[in-house]
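In the two complexes below, chain A is the common chain; its partner is chain B in one and chain C in the other.
After this line comes the complex of A and B, so read on.
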């Protein structure tokens, strides 16, 4: 539990961070809250030559209102996110899911952007970002670009972020009137990762469901959308949620591990999707 | 004559829920953990561990590590030569037990993942850890032996090839005549349970600091240990260093649960290497090492059989255990299941009992004592089969127990395993527990949920447990081939100023001895609790002791405090009588002062007497100066706490998630010294017992790698995962010690596991489920609901090894 030695850089601005990354090539690791990276270092599963600690870049912190979007700085801690009045008012799903992340100690250190950039499919926030159609604002040597959540996650722990790029903020569309949401997390002890999680947002219209977006946690190498269920729910009445949820695991191939074999995970995805959509539709 | 002093009557401290004296310091971080200790010139040790479960070592070359920055020394087992000592097993349970060498550093073969191969000594932890990577070891892989039934086959590869067998021992025991009882029985009910392997996972990992620069060549070892006294003796035996030149100190110790009731390789290595280098040396375990190499607990395959009448009267009991020793024997590895042998019959009357246990070597981490040590395993099996038998007979599980338990008017009662239970009242504890749970109401709700096929099913589990505390009568330990005694020592001193020192050999590691001993001594001497200072945990200041484990401290160590304090009062009485010019027989001692019976006007306080004993100016002839006394107590017998635990659990049948709705326990631990400490012990004990039922389980992969090697995969429940416990007590004083106490350190853990699993199974009986393997994970519960015969499956994931290799096919229960 002792990390190998590495060079440590603590830039004061996004520009400095990007240039530090650019000059280090593939051998640098960005450290945000350190809640994933430090355990990897201590277990000697990761041997970066340079650790770029972005924890002191004030510009990356905080939540602001940009009309139809909220913009959440990448270095905003989980605890700040879940207590933020703007997040609670306009993006309650994020607050609800963030409350389930690990334990209070981790939530005070871990960051919103760090959790997304780490891209652990068992993490709660990637599926939430997917369900909310969030946009990922990335800065590199060539400037800024915004990538939709549906394109951000490439594979297990892999994203579109280049080695010289930094996730700086996340743009989250506000849920308007008529939308409900729910995050259903299934885990054995409070501080553990989800065996399966389901993030659902549902738009109601005249007692039926106008549209729904559903993100699945830990059902594959990346967070996934339950597309077949979403299609079945579009325009459907509340009585058909169960049937639609039966398609939640279609096309998924989740891992089998200590916490659940693949068939059990698929079963859980269907049950939890039914519960999440029902709750979101009633909210 | 002295002047008259009006002294207010003093309230007894024993029985008061006093806040622990220890806690202000502990919770504000003003602690002295072993890893906090820094000595001038101190070096750091790191241990290279085997990545393979079983391999022949063909070459170890530490020289590349010596070239690394900061490295002072590096050793393989061969480099240490004769100093590479062997960890002794002090409980050879049979004459023909197989006890292979257990060298500090493996030299010929490695036998589990984590087996120590070499060490590096460097200037700091980082340099030591980096240099480990430079050591070159060539391994020739050997087939690992991971499952107990396979290990006992004739063609199995051998963990210790020179032994010619993987069988460590078979130990047998009988009470009455089981075969005769069976012949009279209407039914014979056999079940196969599995008590899975657990990691004790104390909050503070192990740590040692060895300082060889003491006066007179003394070496001091600070260790995060439960047993500084036993450790000193064992270190002397293993290293050859005279016992009087070793001082062992257990500073603040953050929990042990049996895992620090041990002599570990790193303790020996630190002493030997620090001596060799002449410099202080520290080693602190990582959490990964803690999971991998600090001894594990439990791991038994249990075949249990009840011979009963059709009315559910138990006539006989047969138990056949297979117990996993792991790769090596640690200090009491073979004895742990034997401690349980006397407890399978529990609170029930019967005519015949047959017990057999076979210990088996496998290429896994060694096992040894874990909270309860043999008794939780026994309680689990008997209480599980009682609920299963009740279901089989169609009798309420409480009623089945009533038909078999020892009635309160039958005490003292000698059980079929030969123990004399001095006291108990199972009826009273059970009645109170049923009332607190609302048993009848919940049974009604359970039926309603069953009738309407509710997706949430309710189960109620019962555990009417007893256990044996107060390890242990030395003669009995001798008869069981244990090589030490079970006594405990205390010294009580009243200093010149009247301040009181209590020296105890029972070394705490979180239990609250300082507070409890203060309460006991304060009452025995008639002084304030705050006047008492408790000294412990250092062989330099408390030279005699047998330390803390097996819920022994109060019932043995506490009694030594009482006896020593009584001797102090006896001596003080001689001095007071002299000062009061009275006959000692005419004095009475009350509230800390001596007075002449019938003439209360003149008195001498214990503090005044202590000052006289210090100056020695005016002592009666034949009385030595100073006011102090020792006592070494060897308990005449065990004590037997008992209680009734009831668990109501909700099962979400759609997901398999089990959630405890209500947990009620009514414990009878005799007289209580500090109810707040007792409550804490019960809560913590329940958490650990519930953890075995629902959360914790050691899993190895097919190569013998520990899969549950971190807290990500080994799920230790915390406060949010547990219900609010409903606790109460009945109080049937023990008749075998002056305070009437019984011990409480393990009760919650012993009792709760079967209560919870019984509740899970009870909820699912309508689905045909008669057992679910621990831990009752949501996936296992879900699989059992969908396929009752699977019992949730033996393995948590394909290709893993759990349960020492139990298979579902061999677990068929039912009547014959």
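After this line comes the complex of A and C, so read on.
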């Protein structure tokens, strides 16, 4: 299948990228690694007039340590994220989830920021960003702004990014001592999308759970927090994880598709939340 | 049209291409490198896997313009006078039947050993999860990778 025609722009800096977007109107599309966009183009599900390829902007690559945060450049590939010692040490949940994204060849091209900006609710990293309370650093013609993960995702494949804005980096708070994490993903075959995924971070204190944050993959049009379970876990002992996980699907309305009906997804969310929180609390 | 300069299997090339041209179509239709097949065309099957600057990629999911300035190795550039040890191992272990997935499978397997010269069976299966074979049931492919891994020349020989 052959993509539709488009004009191709390859800016060398963030400023050039933003100005290319600003001068292209609503019909421009940012391409990071292209592992979501190129299949969409080939299937003729997307018809941009201009593709702005940010793949050569070095300033968008890499991971750096800023004290209590890691800052991950939007163009850092999944493979680079996986191999990064800072990510492994301070944000192991990201490495764990990234390892389940697609397959090695796709991870060589696909990027951390691209996966987040694409905002597919079946993608693994949006729920992880929610659970970690990440901050999304966005640059536009008016300068930079930082949007919390809880406000970044608006709807199916929709985010707060304006047509002339670029996601440049993601600020991820380090998990300190006493925190455990787990990403549980249920999928049909090895490289496929999650039917449901659960990203959990749990803070332990004296044998019980001080607090927990839980992100749900593919349980709605956007990644969601399992708020009722989080509330039930605050201050709870480990024996009550099962009861708390029973609320993981509260308030969700997941889609039904060939991989599973909505009620099956809700069942999976409860089971996987129980597993993820249990593993995170024991880690 | 956009100009791209690439090195493919050791040969430098400069061509004018449409931005929408996929790398796999550039390799097959412009350069005649038909050793790299188009399989699923939806980035699932991995038949079109090549190395882009030494790393495996699915060439149906890369634009030719994205490869500008890069070095590309296809299955046709793997042999250096003699077969690459991975090619020999695939033959000796009977790791193919219809052969359609084989070019991509071999390119993915070489990349796997470049990253992990002594993989376990589980690591081999995980490393090849992006490459589908509908004939073999994978067992002989895994054996071939294990066999190639036991020969030091398999690793690092290909960029």
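Here is the rule we go by: the second predicted complex is superposed on the first by the 283 of 283 C-alpha atoms of A that agree within 3 Å, B and C clash if a C-alpha of one lies under 4 Å from a C-alpha of the other, contacts with A are read in each partner's own complex, and residues count from 1 in each chain.
The rule is simple: a contact is a pair of C-beta atoms (placed from the backbone, for glycine too) under 8 Å apart; a residue touches a chain by one contact, two chains touch by 3 or more.
Source: prediction; values computed, not measured.
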I'd like to know which partner A:55 touches here: chain B for first, chain C for second, both or neither.
second
After lining up the shared chain so the two structures overlap, which partner does A:66 touch, if you call chain B first and chain C second: first, second, both or neither?
neither
Report for A:4: first if it touches chain B alone, second if chain C alone, otherwise both or neither.
both
By the touch definition at the top of the document, which applies to A:186: first (chain B), second (chain C), both, or neither?
first
May I ask you to decide whether A:43 touches chain B, chain C, both, or neither, giving the answer as first, second, both or neither?
both
With the two complexes superposed on chain A, say which partner A:155 touches: chain B (first), chain C (second), both, or neither.
neither
Considering only the touch criterion stated at the top, classify A:256 as touching first (chain B), second (chain C), both, or neither.
first
Just chain B (first), just chain C (second), both, or neither: which does A:268 touch?
first
Those residues of chain A which chain B touches in one complex and chain C touches in the other
1-2, 4-5, 42-43, 103, 190-191
Once bound in the complex, which stretches of chain B touch chain A?
125-126, 129-130, 286-289, 654-655, 657, 695, 699, 707-708, 712-713, 715-718, 720-721, 777-779, 782-783, 796-798, 800
Touch list for chain C against partner chain A, complex
2, 18-20, 22, 25, 41-44, 46, 49, 52, 55-58, 60-63, 65-66, 108, 111-112, 126-127, 129-131
Interface with chain C, chain A side, in the complex: residues 1-8, 10, 34-35, 38-39, 41-43, 51, 53, 55, 79, 102-106, 108-109, 190-191
Note: in the complex, chain A contacts chain B through residues 1-2, 4-5, 42-43, 103, 186, 188-193, 195, 256-261, 264, 267-268, 271-272
